[in-house]
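In what follows, chain A forms one complex with chain B and a second complex with chain C.
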Partner chain A sequence: MSYNGGGVVAMKGKECVAIASDLRFGIQLQTIGLDFDKIFQAGPKLYVGFPGLATDTQTVHQRLKFRTNLYELRENRKVSPKVYASMVGNLLYEHRFGPYFVEPVVAGLDANNQPYICAFDLIGCANAPDDFVVAGTCEEQMYGMCESLWKPDLGPEELFEVISQALVNACDRDAISGWGARVYVIEKDKVTVRNVRTRMD
Partner chain B sequence: MAGTSERYSFSLTTFSPSGKLVQIEYALGAVASGAPTIGIKATNGVVLATEKKHKSFLCDESSVWKIESITPNIGMCYSGMGPDYRLLVKNARKAAQTYLLQYGEQIPTIQLVQRVANVMQEYTHSGGVRPFGVSLLICGWDNGKPALLQCDPSGSFFPWKATAMGKNFTTGKTFLEKRYNPDIELQDAIHTAILALKESFEGQMTAENIELGLVTERGFRRLTVPEVQDYLANVL
Partner chain C sequence: MECILGIRFNDFILLAADTIDSRSIVVMKHDVDKFFPLSKNLLMAVCGESGDTTQFSEYIAKNVHLYKMKNDYELSPRASANFTRRMLADSLRSRERYNVNLLMAGYDEVEKKAELYYMDYLASMMELPYCAHGYGSYFVLGCLDAYYKPGKLPSGVV
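Moving on, here comes the complex of A and B:
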């Protein structure tokens, strides 16, 4: 899990959610790429991040896309965040004894525009709290930052500031995370994606 | 004509010259000679009604049911061969649970119907098996809307507002065409379903020889004998 490094954090706000990831792609201590976003879009207001082993980041995303594409074709409707989270956990547990080395983070708004966040361990144990979720090589640092900066009912602008500070400062205390960051703020009528300047080391 | 059909009834993988799969025609014949089943979709629910005639008064009517629930929100009934129905009920229940396990949500009625119909179709496309000798009526409640669908031995499925299957189904359908309106409410629909069943009923209708099932926003349930008795008392 610490071969490539990286971190993802998601937070709930007032009628909005935010999810952020660092952009480093590295192999052990050598940094190779600066635009390896670990967050992907799974629906109009649903985003998911896969921090961990980079090859599994890509593969799990592709395999989930396979499943959600079929779901959307069969059922003629988009996946809701809870159902998507269920599918993530299901996929991971299918590989219980030869797992994917990712710890997914799901963030989105449900049909009533209520915020939903969820994090998983590598074998599919779900955790859907009311405040924030973190995952990656700098998760302990992120826990500290989120615990002190987060408060309930933050508006979209404030949420952006809080999640950015949490991610950036946590990555600064981790050698293999950082080298740029991208933050997604999901509101009921728009999604704003911003690149955040970080220390490039 | 009879000669041509007989020649092609030994194997399911062959079409008759006229382009028919004769085994499916025969299966539909088995359905049409089965006990009548009625389904009516109302604005606030769906009612299933079926005749459950027993061969002798020694039969214990309360041990075996025709109307079965598949999930808390979906119920099913049939016309045709009971043993074939049992297998499909088992299949449907498993499909519903598999869906719940994967998606964390109860299966929508249409999705369940597609999966059951798919099984029925496979038995028309495989060697050494015969089609199911049942037509199913599946009713459910999804997201505030009622649903009523029929599955045939061929594997095709149809959404219905109201329909009749089994013996005298054409009489039943004509009756329903006259009595159905899109604003019908559930209580009215139950009344109409019992009357439709009565059209082709031989002998006295009692709470022991018919079954009623309802699906509403509170979910699916089969009515108890006393409840059926109450509805019958209002109709007869």
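Moving on, here comes the complex of A and C:
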């Protein structure tokens, strides 16, 4: 899990969610790429991040895309956040004794525009709290930052500030996370993606 | 460890590889060709475990060629790179993994741009402006960070 490094955080706000990840792609001590976003879109208002081993980030994303494509074809509707989270957990537990080394984070708005966030461990144990979730090599730093900065019912602009500060400062204290960050703020009528400057080391 | 490196410019990509095959301190061959052309606009440079490199590269090359024969048009560089990644990722969690690191360079005729893909032996893939495998990367990446420009290569610079 610390072979490639990286971190993802998601937070709930008032009728909005935000999810953010760092952009480093590295192999142990060497940084190879600066645009490796670990967050992917799974629906119009649903995003998922896969921090952990980079190859599994890509593989799990592709396998889940396959499953959601089939779901959408059969059910003729877009997958909702709770169902998607359940699919993630299921996929991971299928590989209980040869797991994918990722700890997914799901963030989205459900049909009533209520925020939903969920994090998993590498074998699919779901955790869907009311405040924030963190995952990655800098998760302990992120826990500290989120616990101090997060408040309930933050608006989209404030949520962006809070999640950016939480991610940036946590990554600054982790050697294998950082090198830029990308923040997605998901509201009921739009999704805003912003790049955030971090220490480039 | 063998070094292969690639640099992407606006309309072309430079790929370079050393020509040594060695086991620890013993050099077994001086003139190894580590390049495998996959099609007219697609070239792959491979390094890693000796037998795996040839077997894997030939497998990919033949499959890319098969696609062209079946469908009458070629796989784009992005599609070929993703196909290669899928093959490598599937082998990773199966009987025996292919221990190859590779760089895939291609010019996309439709999008009219050059693409350079870095793939390590665990099948993590990234499209990058410049990249290198092996110990040489420690020396070269710093230089490229400082001096890389995507425009035309200044004359005399290698």
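The working rule: the second predicted complex is superposed on the first by the 201 of 201 C-alpha atoms of A that agree within 3 Å, B and C clash if a C-alpha of one lies under 4 Å from a C-alpha of the other, contacts with A are read in each partner's own complex, and residues count from 1 in each chain.
Rule of thumb we're sticking to: a contact is a pair of C-beta atoms (placed from the backbone, for glycine too) under 8 Å apart; a residue touches a chain by one contact, two chains touch by 3 or more.
Keep in mind the model is a prediction, meaning the values are calculated, not measured.
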Most chain A residues touched (candidates chain B, chain C): C
Touched partner set for A:169, first chain B, second chain C, both or neither: neither
Contacts of A:41 with chain B and chain C, given as first, second, both or neither: neither
First (chain B), second (chain C), both or neither touched by A:54: second
Partner chain(s) touched by A:2 [first = chain B, second = chain C, both, neither]: neither
Which superposed partner A:85 touches (first chain B, second chain C, both, neither): first
Contacts of A:30 with chain B and chain C, given as first, second, both or neither: second
First (chain B), second (chain C), both or neither touched by A:74: first
Interface residues, chain B side, partner chain A - complex: 101-105, 108, 111, 114
Interfacial residue positions of chain A with respect to chain C in the complex: 4, 25, 27, 30, 32-33, 35-36, 53-55, 57-59, 62, 98
Chain A-facing residues of chain C, complex: 85-86, 89, 92-93, 118, 120, 122-126, 128, 131, 137-138, 141
Residues of chain A that touch chain B when the two form their complex: 71, 74-75, 80, 82-83, 85-87, 90
